[in-house]
Structures are given as C-alpha cells and as structure tokens.
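In the two complexes that follow, chain A is the common piece, with chain B as its partner first and chain C second.
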Partner chain A sequence: MLETLREWGFFLGKRLAILLISLVLMSIITFSVTHFIGNPVYLLVGPRHTQQMLDNMIRDLGLDQPLWQQYLNYAGNLLQGDLGVSRYSYNPVMRDIRSRLPATLELSTFALLLGVLWAVPAGILAGSRPRSRFARIVDVIAQAGVSMPSFWLGLLLIYVFFAKLSWLPAPLGRIDRQYRTIAQVTGWYTIDTLWAGNWNAFVSSVKHLILPALTLAITTSPSTLRIARSKTEEIMQSDYIRSARAFGLSNSTVRRYAFKNMLAPVVTMIAMTYGYLLSGTVLVEIIFTWPGLGLYAVDAMNHSDYEPVMGVVLLSAGFYLSIYLLADIITALIDPRARVTK
Partner chain B sequence: MKADDVLVISNASKVFTMRRRSLKRVSMTAVDDVSLTVRRAETVGLVGESGSGKSTLGRAILRLLDLDGGRILFEGREIQGLNERVFRPLRAKIQMVFQNPVTSFNPTMTIGQTLVDAMRLSRHRTLKQKEQRALALLDQMELDERFATLYPYEMSGGQLQRVALARALAPEPHFIFLDEPTAALDMSIRGQIINLLLDLQRQSSLSFIFVSHDLRVIRYIADRIYVMYLGQVVETGTKHAVFESPHHPYTRALLAATLIGQGGRDEVRRAEMLTGEVTQRAHDFAGCKLYGRCRYATERCAREPQVLRAVAQDHWARCWRAEELARSGWLVKGSAANEEPLSGFRQVAV
Partner chain C sequence: MTTATTSTKTATFVRPSFLRRLLDANGLWRVTINFGILLAFISLGILAPVLPLQNPVKPNPMNTLQPPSAEHWFGTDRDGMDIFSRTIHAIRTDFTLALSSVLIGIALGVPLGAISGYYGGLLDNVITRITEVFQGFPQILFGMAFIAAAGNTLTNVVLIVAFYNIPVYSKMVRSVVVPLRDVEFVQAARVAGNPSLIIVFRHIIPNALVPVFAQLPLSCAYAVQMIAGLSFIGLGVEIPKPEWGSMIQVGANYMVFGKWWLSVFPGLALFYSVWVLNNISDILKSLWSKRV
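Then we have the complex of A and B:
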C-alpha cells in the first residue's frame, strides 16, 4: 500500500513538474517568436507619424527595454493572470479570451463527444469481428472521414442541410439572434438556455451547434476509431485472452478484460483529439462564423497583434498539457506499467 | 481407443480461406488428415517448422477453433462440435502453455489474480482456498510468495514461464499442450523448465504434447514423436525409432541440421539438408509436399501423393522410399555428439 502511494507520488510529481516546465518553455518560445517577427509600432502609429510619436509609442510599449526584461515583465503579468492588452482593440486579452473560450470549448467538447460515442463502440465491434461486413463498412467511413478536409465537409453539410433541405439554420453564429440576450452562466448556450428554462432557445443553440460539431467529429474521430479497432483486434487474438478462454472464463469476463486493456491507448488518443480540437477548429469556425478562439487568433495575427496570439497559444498549450496529464492519470489507473517512473 | 489413451485425434483437418488483394480466395490446408494419440503420463513430441500446423492443432484441442473434419476424443469423449456450455467443465482438464510468456499474461492483472482466475472452474474451492493454492503452486515452481503481488512486466521471461506452468496446473488438468514453452528462454532456464515438467508428469501422471523446433529438447523429454510438414504427419514413432532410424527425408534433414557443428562429418549432414523454402504452391500440389526440396525426389514423387504407412513396429513414415533410405544407413549413428546431447540439462537444474 505504502509502496503504491509512493509510486503514485513519484508519478504525479514528475508529471506536474513536466507540465510546469513545458508551460514556461512554451511562454519563452511564443514570446521570442512573436517578438522576432517584427516591430508592430509602425502599424500602430499609422502612416502620418513623427519621430516623436514613434519614440513615445516604443517607450509606452516597453519595446526599448532589452528582450529578457520584456519577457520578465510579460511573465510577471502572466503570473497575475494578465495576458496583456490587444494593441489593436485595446481590450485586455484575458477578457477577450474569457468571452470567446466558451464558444470553442462548447464546440470542441460536443465534437469530441459525438466522435467518441460513435468511434469507440464501432472500433470495438469492428475489432472483435475484423473480417465482418460491418468492419469493412466502418473502415470505409473512417477512411472517408480522414481524407475529407473539414472546410469542404462543412460546406457540404451546409449545402445539404441548410441550402437544400432547410432543416437547419444558416451558419451564422451560435444561436438565433433573438435569443442572444439569454443570461450567460457558463457561456455554453446549450447549458445556459436550459438553465434559463427556455426550450426554444435550447433547440436553436443545438441546431447551430450540430453541423460544426458533426464536421469536426467526422474528420477527427477516425484516429480514435483506428486505435480502438486495432487494439481490440490485437488483444482479442492475444495469448492471454486465449488462455482466459481456455480457463473457462465467460465471454463477458473475457470482453471486460479486453476492454480494460484497450482503454489506455484509446484514452490517450481521445486526449490528443481534444487538444487538437481546442486549437484546430479555425477553419470550421470561419465557415460557421463561430465566434471562438481560433477566429480570434487569426484576426490578431492579421493585425500583427502579439498579445492575443501569445495568449491563445499559451492557453492552448496549457489545455493540451492538462488534458495529457489527465489522460496519463487515467492510463496509470488502468495499466500498472504506466505508473513506473524511471 | 485403449483405456490409457487420454487424447485421440483422428483424421483432423483444417483449411483456412484467405482473401487476397486480388479478391481471389486462397485456401491453405493448415492441418491435413492428422491422427495422433496421447497416452496417460506420456509426452508426445511434435516437431516441424513454422506453418506446419502444430499451433492450429493445439487450438483445436483447446476448442479455440473448430476443425473442418476429423474427431478429437478426450478421455473417450468427442469434443469436436460440443458447444461452449457443455465443453466448459472439460476446459479445466485441458490446458495450454504458450511460447511467449510475456504475451500470455494479462498486463493489468497481478500474478496472484491471474492464478486465481485460472481456477475459475474449480467451483468446489472458496476464494481463500484458491489463493492458498496459487501460493502453493508458485512455491512448487520455486517462486517466492511475493511474486503473487507482482505484475507480469515486473518479472523475467523465465519466471513468467514458470508462472505460466503454475497457471496451467492450477485447474488440475490431465493434459497440457505445450506450444514451444522453452523457445523464448535461455539455455539454463530451459533446463529448469523441462525438468520441472518431467517431475510434474511423474507426480501426477500428466500427459503432454510438447511442440518444439529444438530436437535436442524433444529427444530429452518426449516418449513418442510426430514430425509434421505442411499440415501432414510425415513420420511418427517412438523416440528411439525416429531418432535412431529416421525414415523420412524431412526428418533426416531436421536431424542433420541439429547435428552440424557437433563433431563428425558435417559435409554428409549438409548434403542431407533441404533446399529452398516452403512455397504457397506446395499446398495444392498433387504429389509429395516435400517435392522440390527433397534430394531423394523422383518423378514418381511429383505424381503421387504420399501416404503414412508402417515402416517398422510402431514406426510410420510418409515416403515410398522410406525403407530404402533407412537401409542406406543413418549418418550420425554412433557419433559421440548423438549419444547424450542433453547431458547438460540435469546439471543446470536447481
């Protein structure tokens, strides 16, 4: 017992240390890259400036200080939860991100759920009967999902379900205009509308969410499906499953063992997909005019606006790393081998 | 069927059909009309290169797959075609040890849990008794009690293979199919495992089928031998008969291969060896399956499928030239290397 506790202590300590170090490195990298790219001052002062205006601007932004000093200032602010101010809109980046994060989170989470809900069961079924017709159909679907670009699929879905069938609303934002005043509790319209007890608003938010979520689910789930499928197939043909059968263990027990051993790699893959979704939804956000972080970051980049870009990158990195940590913990709970730190 | 026959396989056959990329179906006969008997407290050695159908046979005996033809009698009872519910109580009596000890354990279960799991069918035991028996079995394998709390990845291959044996013994079987149980182990551990097997056999009249590439191990442990090639038994007989007077060219080649470098006339042994490799075509070839690789092959071999026929008392071979070959003398007879090739095993045993 004590041994196990110590093992877990080591494991968690090491993972947390890695997470912190990665975040620091990440902040240094984003900071350096954005500051090496170029000086934004000329964009800010406009074409009709004097040398005096230029110097003032440089001093105000602290760009006359050495780079390491600038970084330390930035990092100090970061520790206080201050991501700086957008040089374009003069909004605090933290506030911008806070207002846009729920949109991205809602979209990626639903996309992930949709993907996992179909990919994991389908992968398990196909893996247990690798030569069946079902497995072949699943393969074709997965192959198609992987090879379709998300922007193309998004447009196709819009064309079919909005333009042709008119089943779903126009791809303009997260909810119909008249419901935008609904009280923001979580920032997730699907939850806030239910919280407010407004059924029609809820339906509207789901209708807006379904196509972008589906687009992302179809294009990102095949990797999870493949892992679930190949792992199930491998495990079901493994010697230890064979011996479990030979010892007269019931089919349901054997399946439970196989499921448990298949889970660890699948969880890792789901975590990777989630991390990707949080930062990789830009194209889909553009197509569906979804006011999320991706759109925000792209806008900022177009304006050479450092702070929002760094903020979004850091936030994504933090998310990625936390989700990985969570996946590692789950894996370690399932598989004793993963707990060993060397 | 005699009273002391534990396992009787007659005319077993299994054909696998695979779909190739060209969508053409290709069938492969993995087991081709195999008959085999294992008596009580006897070790049958099964020899042959990969793809000769040994493992398929093992899986059929454990009913992990169905044969396409033939019968398998276990202690007088037909087990082919039994449904799982009827067969399950018999599973305790028929066990298997796999070649690779590392992959034959569930990585997420401790050794203790695995051993208790193996006694799933021993309904007369309580959990406490099962745990005690698990520890007793570990002890019998000369493994410390603390191994019960370890996970497979924390153990060495040799230790795991002993646990695999303990696991196979846990449900008190009458018969164990040993699928190359020593192939993944190094020499000294190999000796230990084999001596352990022989001790167990003496104590509880266990019957084994022991599959191996290693003819020296087979020679040490087996009472009778079946040599398989591409799903067929090409020669069978007592250990003495097969080793001292091999009748089939394939057996001769195998024996010659193991004796190269053991002193004596290597050039004669090299001449005895097969040429080429197993080809897909050999599966649906009309004549002898060894045709094309056999130095004794004639035009008749290409034309005529060979049958397994008695060549001496308790000795059968699948070759029409068998007697002629045997008369020509066996090149390693009497050589020093052949007398006691496994004398090392006892010495390394603990």
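Then we have the complex of A and C:
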C-alpha cells in the first residue's frame, strides 16, 4: 500500500514538473514570437507617426525595460489570466475567449464521441482478424480519412446535404435564428435547449452540429482506429494470449485480457485527438461559420488584431499539455507498468 | 546501403534488391499504382508549362463560373480562369513548397536528434522537452500567429511548416541512435580515436536514413495539407497564383449555391496527392519494420 502511494507520488510529481516546465517553455516561445518577430508598436502608432509618439508608445508598453523584466511582466499577466485586450472588439481577450469556448468545446466533444464510437470497435474487430476483407476495407477508409482535407470534406457535405438534398440547415452558426435567445446555462446549445425543455430548438441545434462534427470525426478518428487495430493485432499474437488460449480459457475471457492491455495506448491517442481538436476545428469553423475560438482567431487576424490570436494559441497549447497529463494519469490507472518512474 | 544488421550475414546470402523487398512486402499492384500516380502527379507538375494548357492566371470576365465543358474540362472560376489548368499548375506550387519545408525540417531535425540521442544526459532532456512543447502548439493557429507577426510571405509559410517537421525527425532519429550508442562498431570507432561528431555523422546517422526516407512522403503529405490549409485562410499564397487551398477557398462561397466544380476539383487533387503520399510512406515503412 505504502509502496503504491510512493510510486504514485513520484509519478505525479514528475508529471507535474514536466507540465510546469512545458508551460514555461511555451510562454517563452510565444513571448519570443511577439517580441522579436513582430513589432506591435508600429501597428499601434499607425503609418504617420512622430518619433515622440513612438517613444511614448514604447514606454507605455514597457518595451524600454530589460528583456527579462518584460518577460516577467508577460508571464505575470498570463498567470493572472490576462491575455491582453483585443484592439478590435476592445474586450479583454480572456472575456472574448470565455464566451466562445463553449461553441468549440461542444463541437470538438461531439466530434470526438462520433469518432471514438466507430473507430474503437472497428479497430478492435479489424485487429482481431487482420487478414479479413473487413480489415482491408477499414484500412482503406482510415487512410482516406486522414488524407481528406477537413475544409474540403465540410464543403462536400454542405453541397450534398444542404444545397442538393436540403435535409440540413445552411452552414450559418450553431442554431436557427429564432432560438438564439434561449437561456445560456452551459453555453452548449444541445444541453441548454433540453434544459429549457424546448424540443424544436434542440433539434435545430443538433441539425447545425451534425455536419461539422461529422467532418471532424471523419478526419480525426483514423489515428485512434489505427492504434486500436495495430495494438489488438500485436496483443492477439502475444505469448500471454497464446498461453491463455492453451489453458483453455473461453474466447470472451481472452478478449477481456486483450482489451485491458489495448486500452492504455488507445486512451492516450483519444486524449491527443481531443487536444488536437480544440485548435484543429479552426478550418471547419470557418466553413460552417461556427462562432468558436478558431473563427475568433481568424477574424482577429484579418483585422490585424494580434493579441486574440496569441491568446487562442496559448490556450489551446495549454489545453493540449494538460490533456496529455490527464491521459498519462489515466494510463497509469489502467496499466501499473506506466507508473514506474525510471 | 551498409548497415549494422546486414553486413554479418554468411557469404552465400545475397541480399534481395530494394525493389524485390518492396514488392515482396506490399504486392505488385499496390506498389505500381501508388508510385504510378505519384509519378503522374510529379511529371504533370514539371511539364505543366509546356503542356497545351490554357493560361492558368488569365481572367476572362465574359466567361465566369462556367460548369465543366469540352472547352473547360473542370469549368471556370469566379474570374473566368480555367480550373483544369489551375489545378495542374497548382501541383508545382504545392509540391515545391511542401518538399522544401520538409527538407529544411530534415536538415535541422536529423542532426538535432542524433546529437541529443548520442550525448544523452541534460542536453538530451532539454532538446526532448523543447521538441515536445513544439508539438503541442496548435499547427494552423500557431502558423497564423507566426505569419501575422512575421509577415505574410511564402518564405514564412515554408518556415512554419519546416518548424513542425523538426520534432518529427529529431524524435525518430533519436530513437534510432539511442540503442546504437553502445553497439560494437560505434565503440570501435570511438576506440580508434574518432571525435564524437565524426562518429555521429559518419557512423550513426546513416543507420537512421531508412526510417527518415520512409517518413519523407508522410511529412510531405502533412506539409501539403498544412500549406493548403493556411492558404485556405488567406495566408501565404496570393490569389491569382494557382494553389489548391486558395482555389478551394474561392469556391467555398459558391458551394451553397450548387456550383460545385470550383472547389471539388482542386480538393480532389489535394486529397489524391495526400492519399498517395500516405500510402507510399506505408509501403516504404515495410522495409524498415521487417528489419527490426
């Protein structure tokens, strides 16, 4: 018992230390990009400026301080959740991000669920019969899915289901206009509409969600599928499964053993996909005018508004790193071997 | 290619040729079709200026948004430019940008991985950590941020894609180098008095070349996708220059009105080229996995 506790202590300590170092490195990278590559001063003072204006602006932004001091100010602001102010909407970037985060979270979560629901069973089935026709079909679908540019696939789906068949609404936002006044509890329209008991609004939100979620599911699920498939194949040929079969254990028992060992890498891959999705939605958000983080960043960029773009980058990188940590912890829960720190 | 594992075989064993091994592992059809399509893409791209194609950047205001016809096989776009010709010419743009960014990534990533794997210790830890953080950065978004800061030029697009390829190669080379650190031929080289850098570059890195070459098409596939994605949001390639991503972007607004040909054809070209590159990477990887 004590041994396990110590093991967990070491494991979590090391993981948290790595996360901390990674976050510091991340902030150094974004700091360097903002301070060495781009120079916001010229954007702020405009094309017709005097030296006096330039000097004032440099002093106001603290750019005359030594570099380490500037970095500390920057990191201090980040720690307080201050990502700067949008020059276009005049809102603090953090507030803008908070209002748009639910849209992206809703989209990426549903995309992840859709993907996992088909990829994991298909991967396991294909992996346990690697030479079958089913496995080959699955391989082709997976390869096609990775190769598909998400923004193009989204357009094709819009063409078929909106322009030709008119089964689904126009790719304009998250819900039909008349339901936009619905009370915001979680910011997820699919939940809020049910919360309000408004069935028609719920249907409308699902209809808007289905195509972007499907697009992302098709393009991101193949990595999970491939891991599930190759791990299952590898495990089914391993010694301990052969021994289990030799002992005469039933097929279902053998499958249960195999499943447990396949789970850890698959969970890691699912977590990485989720981390990717949060920022990977950007192209799909543009296609479907989905008012999430990606669209916010692109709009900001088109207005030469720099801070929101960097804020979204930082947030998604931080999210990715944290989700990665979470995946490591889940892996350690499933598989004791992963807890042993070298 | 001389490698540690093959040189110790008995004299009667003749190593099957590169092509033989490729065919044995993948089957004739798979190899022929994939390499055939890639070759077709590349030669179309190279020959595009001398082929009897219409001018890819010549607008024709009298002939905009025409559906596919005998004269314009893939139809015409918003400005009346011929989509077929543009799709073919775009191969040049996309493949060149992708290949150059991947090559820069290899040139920096391979030595970095070899050095961190060979020396180990603190240096290794620092390099590994930094590359992991790089990989956590959201690609398209960070690309946007970088290009917004550094200027919207083709060079910057190539640089940002190269930047994402560095960790891929440094990680892979490191994983090849670490087990080789204490192998006999490396020790022999060390005992003979070679300096570390010579050992790394002359004796260790050549062993990592097979996986690097197997990765190359896959990286190119990613690079093509990312370049198209960036130009889809208006970064890098300027509009009249033929490029798949920006062509899809031009067509995107017409898709809802049922004018499908503007986006579908460049998208198909993008999709096929990425697919073939992915397949070829899989085929080449069979060479590598058989040996491990």
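FYI, the second predicted complex is superposed on the first by the 324 of 342 C-alpha atoms of A that agree within 3 Å, B and C clash if a C-alpha of one lies under 4 Å from a C-alpha of the other, contacts with A are read in each partner's own complex, and residues count from 1 in each chain.
In this text, a residue touches a chain if its C-beta (ideal position, glycine included) is under 8 Å from a C-beta of that chain, and two chains touch if they have at least 3 such contacts.
A quick note: this is a predicted structure, and the numbers were derived from the prediction, not measured.
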item: Touched partner set for A:Ala75, first chain B, second chain C, both or neither; value: neither
item: Partner chain in contact with A:Val282 - chain B first, chain C second, else both or neither; value: second
item: Comparing the two partners chain B and chain C, which touches a greater set of residues in chain A; value: C
item: Partner chain(s) touched by A:Val185 [first = chain B, second = chain C, both, neither]; value: neither
item: Which superposed partner A:Leu16 touches (first chain B, second chain C, both, neither); value: neither
item: Chain B versus chain C as contact partner of A:Tyr240, first or second or both or neither; value: first
item: First (chain B), second (chain C), both or neither touched by A:Ser147; value: second
item: Partner chain(s) touched by A:Leu67 [first = chain B, second = chain C, both, neither]; value: neither
item: Touching partner for A:Gly294 - first (chain B), second (chain C), both, neither; value: second
item: Set of chain A residues, in rising order, touched by both chain B and chain C; value: none
item: Residues of chain A touching chain B in the complex; value: 238-240, 242-249, 257, 260-261, 334-337, 340
item: Touching residues on chain A, where the partner in the complex is chain C; value: 18, 21-22, 25-26, 29-30, 33-34, 37-38, 143-144, 146-149, 151-152, 155-156, 158-159, 162-164, 170-171, 275-276, 278-280, 282-283, 286-287, 294, 297-298, 301-302, 304, 306, 309-310, 312-313, 316-317, 320-321, 324
item: Complex interface listing, chain B residues touching chain A; value: 59, 62, 64, 88-89, 91-92, 94-96, 98, 100, 103-109, 117-121, 151, 153, 167, 171
item: Residue numbers on chain C that touch chain A, as the complex places them; value: 129-130, 132-134, 136-142, 144-146, 148-150, 221, 225, 228-229, 232-234, 245, 248, 251-252, 255-258, 260, 263-264, 267, 270-271, 274-275, 278-279, 282
